[in-house]
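The next part holds the structures, each set out as structure tokens.
Shared between the two complexes below is subunit A, which has subunit B as its partner in the first and subunit C in the second.
And then the complex of A and B:
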């Protein structure tokens, strides 16, 4: 029993790392632009399908590099043409827009690549378990955790060490002052959206290797990332990371005792956090209006 | 130059057009009555074209379309052309499915309703069709109740019940793999009845359930379930999720190397799911409801070729279900020489599908007691690749429908006919 729980804690961290990666992109966009990007899952699925299309010419690693970048470019265009128009309005407008976009993306992938699930090719050496005992640790999952770690580190470095990152952080705190200081807020929001979508794209390509391709890939993965953000605390990127890991572990451990509640436990956690600490574990009070 | 609105409003042309239209309206009743004689017989398709079951719904539709093309080439139904009216039920919204069924019956005046892949939607649609008294054929919703406790006089079903699949696979599986079974079951009606059916069938043969976990519908990560399943040391891990959930579960099990330590199996398996799996994960013992590659089945090759020409791919069980369900409409009408639903239903009872529509070793027939089609069930193993890229299943045993179905009494179906 102890071993079963330990295994599931460990496994939950692996799964949680993936939730966190998705949630970080969402969180970035939400923090700076106040947009709840329901189309995040759609971007994720598009990246996965793009990688699938690219793999025959550029290989697995080429797909992993190129697809998120291409998806980020799509993200930049979508922000420029559609989302930008709704800044400053009631968040409900952008929520409705991205909600609609999520459907458009899902059906676009369905008509371009078919409704049928497709297998996503992964190098054979990545798909074998590391040991018989720790069979749930396959090369791919270890690789995924390492990549998530690298992406998170890179993101924090960008935010803390680069001019763009500092502007994003400053804008998150007080966009008006940043604008008064002569920084082009439009460009800043555009690039930030692109960065968020890039993270969605990276998560999408990784998910494809684990789960294969399905037009509903995005919508099935999006809810845990929203929960991760709320549990971790709005406005806090470390909080989002923590939230992702926590819900991963919680649903893993729940499987041992009450498997049919693995999904429900995330929402119970969210409810409890909202009741006890409404601004989330690491969120700041009154961050978002 | 300025434009004079008054003159343009009453231009000569406009007046002429109005006069012509009025004249045509005078004449139209005669045209209408003639048109009514050749008014097409409508078959209403209300199935899952978007969402989780979109791939299955779309394959069903291909079979329906092929059947309608063939019917029209052969003179239609009762000498009238046939029209397929297609509606998307969504994959999970019973409200939408019911609303579309009503629309098909009331506005399109469909004489037949087809659908649904989703068991719950099939049951909801059956409520509407029986209330309105329209013949309803369910191509692919499996839960027992459709032709069991919730059966209706006007509802017929092409696909198997979950109990039939459980009964078909239990014996061969126990013989080849052992009797300690661990279940991973999707947490909704289909999964519950399928697991109960398997446990019932296994118990009769001395099987033991060493563990069972319900996984929420739409679970993407099955690793925690698999960790638990392996710790129970079963002989067989039984996978009952469908569609994308099945793909995720099987893929992870094989990546974890569990296929080398346990026998992986389940009841229903579909070509759509096997195509979505990487080759190394196409393993395990399963039931197929219909398969495109079988020896000694007359007309099978023609059907496969016709579907390939339409879609570029071989037909799946879903394609065949759509095809057989749609053709059943024509067979019923031609048998009854009428489009009245009670007569159609009576005509279908005990009707054997002709070989070019049945496309199975034994000719399938609609059992009178519960309106369930008695087909051949195909038990076998998934394979990475057979003689053909799309040959992903190796049939090892054929089970006759009546042997798998049990008696009508066991299904709990009691049909009440409308009093006229």
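And then the complex of A and C:
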């Protein structure tokens, strides 16, 4: 029993790490540009499929490095051509536009790579369990948690230590002033969007190794990321991280006792958080009202 | 347009609706498609009560639509062979959920409100998807059908006559539309407009804003769940897609495509969207991309919607 609970807690942590990685990208875009990027799941799936296509030529590590970057480039183009036109308008319009893009992306992956699910090749040494007693600690799972941890650390370093990160943080609080100070806000928003999409892409490549490839990969992961942002608190990146891990572990534990409520438990948590702390666990009161 | 009587647009809409089973085949449709236009139109009108008239962005209305559908379907399958009871149960289920969730979210605004409604929109999807033994899971709920209506001595065979069902749905649509129009003309409806235009000022005037938003949300979801119940009856079937996030987005695009700032706009949008979707999906496998393209094009080039553009032309 303890073994089972431990297994599911760890599993929940792994899944929560995906949610968090994806939600951090969503959060970045939402905080700076006020855009709810519904196409985030679509970007995630595209990265996973790109990696699948690249692996035969560039290998597992090459795919892991290249696919998120290529996806981020697609993100930069999409922002430049479509989303940029909607800044300053009712958030309804950017939401609808990215919603339409989510349809297009899902359909595109289905047409290009087929509707059936594909196995994602992972090196053999990563799939063997690390210990006989704790059979669930396969190398890949541990590897994923480590990599997500590294990515999140790198993200916070970029945001806190680099000029770009400083500008993003400043813009999140007062974009107009940042603009007045002579910083090109258009470029800033563009790069920020690319960074957010990069995180989605990384989450996608990692998720593919565990869940396999399916055109609906993105749409199945996007809802939990929304929940993660709300639980953690809008406008707070550490909150988003915490929210993602929390709902992952919560649904992992629920799987042991009541499998049919695996997903529902996240929404119950969200309801409770909204009731007790309407602005989320670490959210700032008054932000994004 | 000025020379025409004020009621002219309303009369035109009703004439088109009443005659739809006749003109629908002429443009390549069929009676069932006409019923779908009316049902989706009702859902879009109900959403617009919140979106266009209260100014609140709700992106999770499929949940209440689906609860209406499952409420009706499960009543007919498990409780009693009564179409009337099925509709009542569906509407009660959707409204009860809206009362609860609405109370949790009325304090939120803008993007935050939208995100929370999106997320909450998925709860019931997962519940129906997972709870196989009762809801039929992913395969949907089958093994039931709508029953003939008996109103005293009058018997309406909506079970077999597609056209009879169309008029039955249209009658309920008319009641709902009249109800919403009356609410919007009432002091309550005017207050909603005031909140949409300037929430802070409304608050200064002593209007309990949260309570009004809550009522508006519940009313909107009530009529959406009615549409959902009718949708299940129309198809004699329901599955988790009736409450998935993509349907919520479709409702919003219907409202925007037709014109959010006019009462009939969402109905026009629903008509265009349902016909286009039917037309596209019977011709190409890639219908999703084309529907997605509709979203993108409407947002970029047509944000005022059909009636928004018409109104601008006629008043300019």
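Assorted remarks:
The definition used in the following text is that the second predicted complex is superposed on the first by the 281 of 289 C-alpha atoms of A that agree within 3 Å, B and C clash if a C-alpha of one lies under 4 Å from a C-alpha of the other, contacts with A are read in each partner's own complex, and residues count from 1 in each chain.
One rule holds for everything that comes next: a residue touches a chain if its C-beta (ideal position, glycine included) is under 8 Å from a C-beta of that chain, and two chains touch if they have at least 3 such contacts.
From a predicted model like this one, the values you see are computed outputs, not experimental measurements.
Of the two partner chains placed around the shared chain by superposition, neither subunit B nor subunit C is touched by A:88. Shared-chain residue A:260: touches subunit B and subunit C both. Judged by the touch definition given at the top, the superposed model places A:270 against subunit C, while subunit B stays out of reach. In the superposed model, A:56 makes contact with neither subunit B nor subunit C. Of the two partner chains placed around the shared chain by superposition, subunit C is the only one that A:108 touches, whereas subunit B remains out of contact. Contacts of A:7 after superposition: subunit B is touched, whereas subunit C is not reached. Of the two partner chains placed by the overlay, neither subunit B nor subunit C lies in contact with A:182. Looking at subunit A, you'll find residues 107, 110, 259-260, 262-264 touch subunit B in one structure and subunit C in the other.
Per the touch definition, subunit C reaches subunit A in the complex via residues 51, 57, 59, 101, 104-105, 107-112, 114-116, 118-120, 122-123, 126-127, 130-131, 245-246, 249, 252-253, 256, 285-289, 291-296, 298-300, 303.
Residue ranges on subunit B touching subunit A, taken from their complex, read 50-52, 54-55, 58, 187, 213-216, 218-221, 223-228, 230-231, 243-244, 247-248, 251-252, 255-258, 272-273, 275-280.
Subunit A contributes residues 30, 34, 36, 38, 82, 85-86, 89-97, 99-104, 106-108, 110-111, 219, 223, 226-227, 229-230, 234, 259-264, 267, 270-271, 274-275, 278, 288-289 to its touches with subunit C in the complex. Partner subunit B is touched in their complex by these residues of subunit A: 3-4, 7-8, 11-12, 14-15, 107, 110, 114-122, 127-129, 132, 135-136, 138, 140, 207, 210-216, 220-221, 251-252, 255-256, 259-260, 262-264.
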